[in-house]
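Both complexes below contain chain A, partnered by chain B and then by chain C.
Up next is the complex of A and B:
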């Protein structure tokens, strides 16, 4: 996939813009303005050379919740309030998605690391912090997907929406994969000490914990 | 527990931050009479403390809130961004960090003789009492409400939180049996 102008923008700038825009949309109270903003963000996807599939994929996991929220807000408050809430959530999701899809994780992590460097004298290790960030970013979609899969399996067995039936297998599965992911990271970085100064974060970032999680799942 | 974090600790911290985010995807249940939506997400700090212990549990909540701050819409209702920290319920959010820490500390201290009831009590102390002790005063100041009104308004969430603490107790015990993470605190200097 070719790199668009959004891909080329510095990660720090995109993160700052995202934080600013994310905070700003909270203050929009007119649903029509909010829908316009949503369309604007949606238009940014083709600008970023991301297909319609990427856009749909960002919103699909939220769809059931959006429908419920829309109906609940519409029936209890008003339909304009419902439109406002839904458009705001969709806008936030697409904006965040846009940043994550157009920014390499390495760049995001490097930015966080740079922002944290002044805190090093206070005992904050930027390398470890950025590793935690990058891992969490990678785990987010995997765990959401996994939750959905466990949910389907439990429904098929007639366990329905029992949170226990859902949470327990998910947590045990995720914890079991943690060992292998840690081992894989240590194997890739060549030693088990993330304090080691000569280690470059890029080397760790290139490792894809998704792959490890997937292997463990089978 | 050593003061330094291993790669494995960091993986656990990241996993529980992501897991707490995933809890937001569960559809909220609204209790008809009180009308407040109950989301599974506030089970995150209870689970993080109960399964990872004080330090790693609290750090996973720090990481989660940092991810929220950089704009990821991972809070229940698809909320994210710095705007979240401007709202009157911010205390209930930042309170996740000390809540997870206290839940974790109590689990570490009582780890050997942990029962479902014990774990439930720990989750209740950290995940409800500590959380509300921070959330309610912040709400009162932020929304210029009398403390009593803020407490009364927040109390509608307590039944849901009790259910979550009970689920945490069951899950924590099952995880202790299947895949224990917390190490027993030795009486050695750190």
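Up next is the complex of A and C:
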């Protein structure tokens, strides 16, 4: 992988810039300006030596949602409003993608941890937040893939495009994996970790998706 | 590629000599389970189980729902029994969780759920996070373990894009980097194809650590020292593989 100028920028700078640009984008109210910004961010991909594939990959999981949103906004508000909203979301997603794709996760996480350290006296645990952050980065693509698989399975059974039919099995799977992931983290991180329950580990009732579904049905 | 690297592995012995010294309790070596019972709601999942595990290769087999996973989760304190005691080299899992976790590593069935960092090298390093090591020592440990499992060339790959076998090796590497004395596996080969299952099996069979393996994969455990057969929360056979397995097969018919 060739390293572009964006790769070499310090992670802290990129994260701060992302936060600033992300907030700024919210204030743009002209759809044409927003679309220009979107194109600008898209152009940054080749600058960062990321292919078109990377760009498409960032947006594809969102596509169904963007289409629905566009139609809903267009029909209920106006088409310019609709263009503004989806251009804004796409811009935010691409900016975030640009930062994560050009920064090693390790650096990203170390930076998050460092930025949060001043908040420790307020009860924020930087270690935990940065772990959550890395977990999100690790599992988002997995969940997206899972969603695609559930969708395929349901199309094969002729269930079509019901969002509920997609959401329910996905939620059950995600929650079930979440239990296992929590166990794995617990099993792997008991080493000199101040957060590790040193004395009594809790007797945690395990989440049982089938039982949960049954109670939902009843 | 993976196969040949397995052939070149020379697992080092960690543990005895290298293990962290702990204020000396009457250290009975091994994992002792004493009169353990456990219930989930109304179902009694373990019924007064007593057994001491000292052999280097121990397998646990039994029907679905017989309590194997529950039993395995006791061994590193992921679960504390309702009744009875579990001790690891003299440390009670109910009040020395930290010492126990350091001694006992755990590899789960689904490697997807135990890989918590986006790339291979980062994930392997996770277990070292809490240890007081310099950055150099940490990097050295990571490289050493990646090399041992033939994962060096995958260092910067996204973990979720590895093959099933590579993922399970990564999960194991992530556990072994903390140098536990025991490794518990809950169905480590169930989700793997035949070739990957064999490869992971070979790795388990050559581990320097004591391995305790819950499995339905009977060829994997042919050369083990001891096999426990579970049935409805009890150990109904405890013997060398040939004898224990024929009892298991007889029961399942």
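Everything that follows uses one rule, which is that the second predicted complex is superposed on the first by the 143 of 218 C-alpha atoms of A that agree within 3 Å, B and C clash if a C-alpha of one lies under 4 Å from a C-alpha of the other, contacts with A are read in each partner's own complex, and residues count from 1 in each chain.
One rule holds in what follows: a residue touches a chain if its C-beta (ideal position, glycine included) is under 8 Å from a C-beta of that chain, and two chains touch if they have at least 3 such contacts.
Everything numeric in this text was worked out from a predicted model, so none of it was measured.
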May I ask you to decide whether A:26 touches chain B, chain C, both, or neither, giving the answer as first, second, both or neither? first
Would you check which partner chain A:3 touches, where first means chain B only, second means chain C only, and both and neither mean what they say? neither
Touch check for A:93: first (chain B), second (chain C), both, or neither? first
Superposition-derived comparison: chain B or chain C, residues of chain A touched: B
Quick check for you: in the superposed arrangement, does A:185 touch first (chain B), second (chain C), both or neither? both
Would you sort A:52 into first (chain B), second (chain C), both or neither based on which partner it touches? neither
If we overlay the two complexes on their shared chain A, which of chain B and chain C does A:128 touch? Say first, second, both or neither. first
Quick check for you: in the superposed arrangement, does A:137 touch first (chain B), second (chain C), both or neither? both
Touching both chain B and chain C, residues of chain A: 131, 135, 137, 142, 181, 185-186, 192, 194
Applying the document's contact rule, which stretches of chain A touch chain C when the two form their complex? 1, 104-106, 131, 134-135, 137-138, 141-142, 145, 177, 180-181, 183-194, 196-201, 203, 205-206
Over in the complex, which chain C residues touch chain A? Could you list them? 40, 73, 76-80, 93-95, 97-98, 100-102, 105-106, 108, 110, 112-119, 122, 126-132, 156, 158-160, 174-175, 178
Contacting residues of chain A [partner chain B, same complex]: 15, 18-27, 61-62, 64-66, 68-69, 72, 89, 92-93, 95-96, 99-100, 112, 128, 131-133, 135-137, 139-140, 142-144, 147-148, 163-164, 166-168, 170-172, 174-176, 178-179, 181-182, 185-186, 192, 194-195, 209
Within their complex, chain B touches chain A through residues 4-8, 10-15, 17-19, 21-23, 25-28, 30, 40, 43, 47, 51, 59, 63-64, 66-67, 69-74, 77-83, 86-87, 167, 170-171, 174-175, 178-179, 181
